[in-house]
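Two complexes come next, and they have one chain in common, chain A, joined by chain B in the first and chain C in the second.
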Partner chain A sequence: MSRHTIAVIAAAGAMAIAAGGATSQAQAQDVKIGLILPYTGPGAELSPEMDKAIDLYQKLNAAQIKPYKLTIIKRDSKAPNGAAAKIDAQELLTQEKVDVLAGWIYSPDAIASAPVVTAGKRLGVIMNAGTAFITNLSPYYVRTSFTLWQSSYVMGEEAAKYLHAKTAVVAYTDYPPGKDALNAFKYAFEHNGGKVIDAIPAGGPEATPDFTPFFQRVKDEHPNVLFVFVPAGDQATAVVKTFAALGMKAAGTQLIGTGDIVPDDLLQGMGESAVGLITVHHYNADLDNPQNKAFVAAWKKAYGPDSTPNFTSVGAWDGIAAINHALHATKGKIDDGAAAVKSLEGWKFNSPQGPIEIDPHTRDIVMNEYLDQVVKGSDGKLHEKVLATFHNVKDQCKELAIGPCAPKK
Partner chain B sequence: MNAVADIAGIVLGGLAAGTVLFIVSVGLSVTMGLMGFVNLAHGALAMFGGYVIVLSMNRAHFGFGAALALGFVATAALSVVLERMLYRRLYRAGELDQVLFTIGLIFIFIASTIIVVGSETQQLQLPPALSGQFNLGFIQYRAYSIFLIVVGFLIALGIWLTFERSRIGGQIRATVDNRRMAESLGIDVDRLFTITFAFGSGMAGIGGGLGAEFLGLDPQYPLKYLVYFLIAVSVGGLGSVIGVYYASLILGILDFVLTLYLPKGGTIFIYALTILILLARPQGLFGRKGL
Partner chain C sequence: MRRHRLRWWEALPWIAGLAFYFAFPDYLGFGCDLLVTILFALSLDLALGYAGIITLGHGAFFGVGAYTVGMLASYNIWTEPITGLLLAAAVAGVIGFLSGLVLLRTTGLTLLMLTLCTMTLLYEAANMAAAYTGGFDGLPSLPISPVFGVFEFNPLYADTQYLFALGVILVCFIFVRILVYSPFGQSLTGIRENVLRMHAIGSPVRRRLIVCYTISAALAGVAGGLSAQTTAFVNLAVLGLDRSATVLIVLILGGYGRLYGAFIGAVVYLALEHFLAQIYPAAWQLGLGIVLVLIALFARNGILGLGETLWQRFGPRRAAP
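Moving on to the complex of A and B:
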């Protein structure tokens, strides 16, 4: 054996040891995040909006994430009925041994996963699902998205105060967040002198129904406003187009809703039909604050000038920021679910949507809501104009402790 | 005055929905009546045509008419390929084999569509002339719905005339009534079927595009509406063009009225009614006995 060969073997051995050392060090700092999103099925178009936000956060905030490394393990929650999401949560916890769970676009998915999250004792960051009582279902749930009570309650108040509406019809997708939207709007609207004259369950979240018969019924009832909640996505476009096609505005009915009916990524495709719509939501891509300007600019730079973040992107962005905070606050021991949750109680963050905070009592987000109107800008594109801002809005379902949010006896 | 407008709105809305159903289902009725072939993948061809129409408009900036023509030709061409390569092998197979095969075909269509185009719903961009309101004299109504109703009526009339008056129509009727006898009289049933199958599939393709405004257009389309297509065909009667037309319109109006008055699960009555009709008349409302 020549001297040269021995040197090579020795060098290889040294490298192997070094590599091994590096691996064990990386393992100590590697954090596995299990991401549960619908990559197929009706929500499939929302998942990329959230994935992009998570990627973008990691790219732009690499310095803040150090010395940790985030590994995202994705699982498909398929149809919005909770069945696949629950299995996803189980597999991520038991097989992939993830440190944190995150995602959940649809409420049924988060509701079905709650017992698994509780049993797994890992932090679960809800990045979209908006049914109010979900955070009551597991002490490990923290929500960075929104509740339907936040937007619909404010919309109910403003329908009476700002739009001076006396009568309203509510059309809602018949599943938990839709019922929340109905109850919140009705509660606020009727406490401000309005009257909800009809509530129409308009199909489920699985498929986009033909809204013509539902809206024909509304047209026959001649309310001042039609308040609609449908999950953002295809259903939103169908609502706006059908409303316009039936000529309901000319018949004296104003379409209002949560921001779900005018998600930023679909707004341009809605065209003239969307102009004038009034919604309440916590985010729109036109919001004028430094964080949002930087966020939208970085987004367009990364994903092209025609790509736009929407509120689901911001829920994911804030969610991954929350995970990063918990990671540093627990000094890497984020797999201790109780400690991770505790570190997020009262956490404040400057989000693209404005300042947000996690309510230490409910683990739910506290944030601004904006009364928006769709307007056509001088650039020929559609924009959201903020008519009024409501600061630090809490989830009224839990504040009032009513309906499904009432304490269990 | 208001009541008139309300009722007219309901009738027109239901007729428009029924018309879409007719345009998609008519081909299925004729091919099932002609060959006794259970082609559950008919809706997949409608979806294919719909995608061709919508994508050629949105991405290649085709006009509405040109896109519809392209959708018809492309779907008809694809159906001939499928018929020659795959369907033909199963004509003499049992019904269960045919059902399994065509259901499998649906899944292939769904998966291919997700891979090639994506799983999001495709939006039909209507030409400006059709996207507004149309004044009918006594009410204003959605221009596109009225356009659909008129087009559907013309299509039904055209197909009916072809069936009743033309040579090929006579051959089709003869084959539906008695295939063996038709063959012994020298009618080339295989060729006849290919032509009918291509035409029916092309119509389905047009229906997929025209109906995207009401039924939406996404990869799950062929499964979502399969039951509706089958109800229209079985209630109308296999091989009966007029039967499918009436059945589709009745189904459209009933579905519309029930959804309007009983938004939560009102459509269950449609299934109940279908069962009752088929119990009383297994051959369908307009079907001929002995099929």
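Moving on to the complex of A and C:
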């Protein structure tokens, strides 16, 4: 072995050691995110959509996340009884010592967890739960999803202004989001000259009811519009099909609703019956903005051409983006909940759903709402056409401070 | 007379309960859930295991107890925890007595369906009165006064809650133990084993059953109230079928008609559920399901029954008399 070779080997060895030292020095700070979602029980179909969005964000934005490393610790919140989610939050904070909590599909889970989040003094990013007053329950809650008041209030206004409806009937699933949708629609519609002539509670959230008797009653009342809220899922398909089967459109009633009745992942399965439906929502997969084009294309590339992201995926995407922002704004000290929340107050972000902002006073999302109509495209598939855009829509329940959003005495 | 003498091993569950407090301070939220389930299973054991009243709607009384404590606290009418539990027991007992008057005229499948109906009616009533009960979203952040005016409930580490719950179930257990070994308890077992003969010897069967059902409902009410206090939250799920079905599985798993069946069943079921769910958040139900199938196939009398069989076969043989 020549002296030269030995020198080369020695030099290579020294470089390897130096490089090793360098990597360990620049080693990513590990940030633990506790994710509380119902992986079993009635909400189990939504959680994988949110997981996919979170994975996709980390994959596509690896450069923006650096030098930090996000570790997601998942916990099952099981049936929506609040207790399981609360124990999850306690154990994530005390055993896993997470820096941030996130998730919450069901409102009761977020409501029950509120005292724990407050006591744990960690940022809690609500990625789906939609009951309006939740953000009042803990100063560490920030919401990146929606409230039913945002979409339903705009729908109520536009039913009167855009559709020139005079009378409406509301059919809603008999649980808090349904009641929120009813109250918001009714408030806005009646303040714009309309009249809600009937409000029909149509079953609970867990099983899909037969909508025929409810809709037959609506048909006999001849309203201009029928406003429906049901949870996005199988109930939505049943609503659209029953409405078409009863020939209510020909009888002069327009079906309108929140975007929950035409979820993106189920739209193609609804077929001809969905064409012409008018809804208001903050997201649809056909939105024409560069962020959404890139988001949907990356989604289809990662999860198959037949898989379509929906609004729950976007809530999770925006939530993880918010965590990433807070992480950089606090220079890695995201475990200081008060500082993390402060860094998100007034935070602006170009989301796939358009520009969003966190309201500095309520820590709730401010976003665009879109008046959409279902149309059949030249490719033979169903698409959402945006008829009008409403900018910077706030949660009207807290803005008007009515009902459960009124400040406590 | 020998049966009800206290044996040395009867202290073990309570020592284990205290040891858990010191060994796992991070798991006390789960521990509270466990204690509440034990108490609820114990109340069901009194009705189902001892008196043979087949019910799928015991959650009705759990829910009534939880809402009694929850609504009184939420509107700041009554937040003291111990008297709160007594009130929960009283309200649940009254509902149990009134529904028992009607329901206990039936037996078997009819009774099963009617208990389920009672619970569903209460569920719908609570949903319709959502303005007062909070409905599906529930009553948030219930204020519960400190125990004895000193020990505050801790939202993050559920230490006070755990010891309080342990104390409550100790008192309830002593009560149930005295009850089932009393002549009244013996007559309940008689009714379960052969109701015709009990009629024949002149036992007031229906009255006994109603009293037993009322006591069982009151205990379930205490469990519900305890659940509302330890989680500081109540929603419609307390009246749901889920909980009633789970507690039935817990009791059958542990072994019904035995004082400690509720303890063994709840510990095994909840520990499996909790730790499997931590490791496999989306697939834990598979592991739990396999265990339940095995128990149903090979241990008809639950885990305690299995242990007894094994002891009789392999344990030390008694000397012939």
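Keep in mind that, in the parts below, the second predicted complex is superposed on the first by the 378 of 409 C-alpha atoms of A that agree within 3 Å, B and C clash if a C-alpha of one lies under 4 Å from a C-alpha of the other, contacts with A are read in each partner's own complex, and residues count from 1 in each chain.
Operating definition for what follows: a residue touches a chain if its C-beta (ideal position, glycine included) is under 8 Å from a C-beta of that chain, and two chains touch if they have at least 3 such contacts.
All values derive from a computational prediction rather than experimental measurement.
Undergrad: So if we stack both complexes on chain A, do chain B and chain C clash, or do they fit?
TA: Because the two structures are overlaid on the shared chain, the partners are seen to fit without clashing.
Undergrad: Does chain B (first) or chain C (second) touch A:D234, or do both, or does neither?
TA: It touches chain B, and chain C stays clear.
Undergrad: Is chain A touched at more residues by chain B or by chain C?
TA: Partner touching more chain A residues in the overlay: C.
Undergrad: Between chain B (first) and chain C (second), which, if any, makes contact with A:T40: first, second, both or neither?
TA: Touch partners of A:T40: chain B and chain C.
Undergrad: Regarding the shared-chain residue A:D174, is it in contact with chain B (first), chain C (second), both, or neither?
TA: both
Undergrad: Looking at the overlay, does A:F214 come into contact with chain B only (first), chain C only (second), both, or neither?
TA: In the superposed model, A:F214 contacts chain B only, not chain C.
Undergrad: Thinking of the overlay built on chain A, is A:I111 touched by chain B (first), by chain C (second), by both, or by neither?
TA: Touch partner of A:I111: chain C, not chain B.
Undergrad: Once the structures are superposed on A, label A:A184 by its partner contacts, choosing first (chain B), second (chain C), both or neither.
TA: Neither partner.
Undergrad: Using the touch definition from the top, say if A:A119 reaches chain B (first), chain C (second), both or neither.
TA: After superposing on A, A:A119 lies in contact with chain C but is clear of chain B.
Undergrad: Could you say whether A:A83 touches chain B, chain C, both of them, or neither, answering first, second, both or neither?
TA: The answer is second: A:A83 touches chain C but not chain B.
Undergrad: Between chain B and chain C, what minimal C-alpha to C-alpha distance in angstrom results from the superposition?
TA: Superposed on chain A, the two chains' closest C-alpha atoms are separated by 5 Å.
Undergrad: Please write out, lowest number first, the residues of chain A touched by both chain B and chain C across the two complexes.
TA: Common to the two interfaces on chain A: residues 40, 44, 174.
Undergrad: Would you mind writing out the residues of chain A in touch with chain B in their complex?
TA: 40-42, 44-45, 174, 200-202, 207-210, 212-214, 216-217, 219-220, 233-234, 237-238, 241, 245-247, 250, 269
Undergrad: Okay, in this complex, where on chain A does chain C touch?
TA: It comes out as residues 37, 39-40, 44, 47, 74-76, 78-83, 86-87, 90-91, 93-95, 107-108, 111-112, 114-116, 118-120, 131, 137, 174-176, 179, 204-205.
Undergrad: Any idea which chain B residues touch chain A in the complex?
TA: 6, 9-10, 13, 16-17, 114, 118-121, 123, 131, 133, 140-142, 144-145, 213-216, 218, 220, 224, 255-257, 259-261, 263-264
Undergrad: Enumerate the contact residues on chain C facing chain A in the complex.
TA: Checking each residue of chain C against chain A gives 25-27, 29-30, 33, 127, 130, 135-138, 140-141, 154-158, 227, 231-233, 235, 237-238, 240, 242-243, 277-278, 281-282, 284-285.
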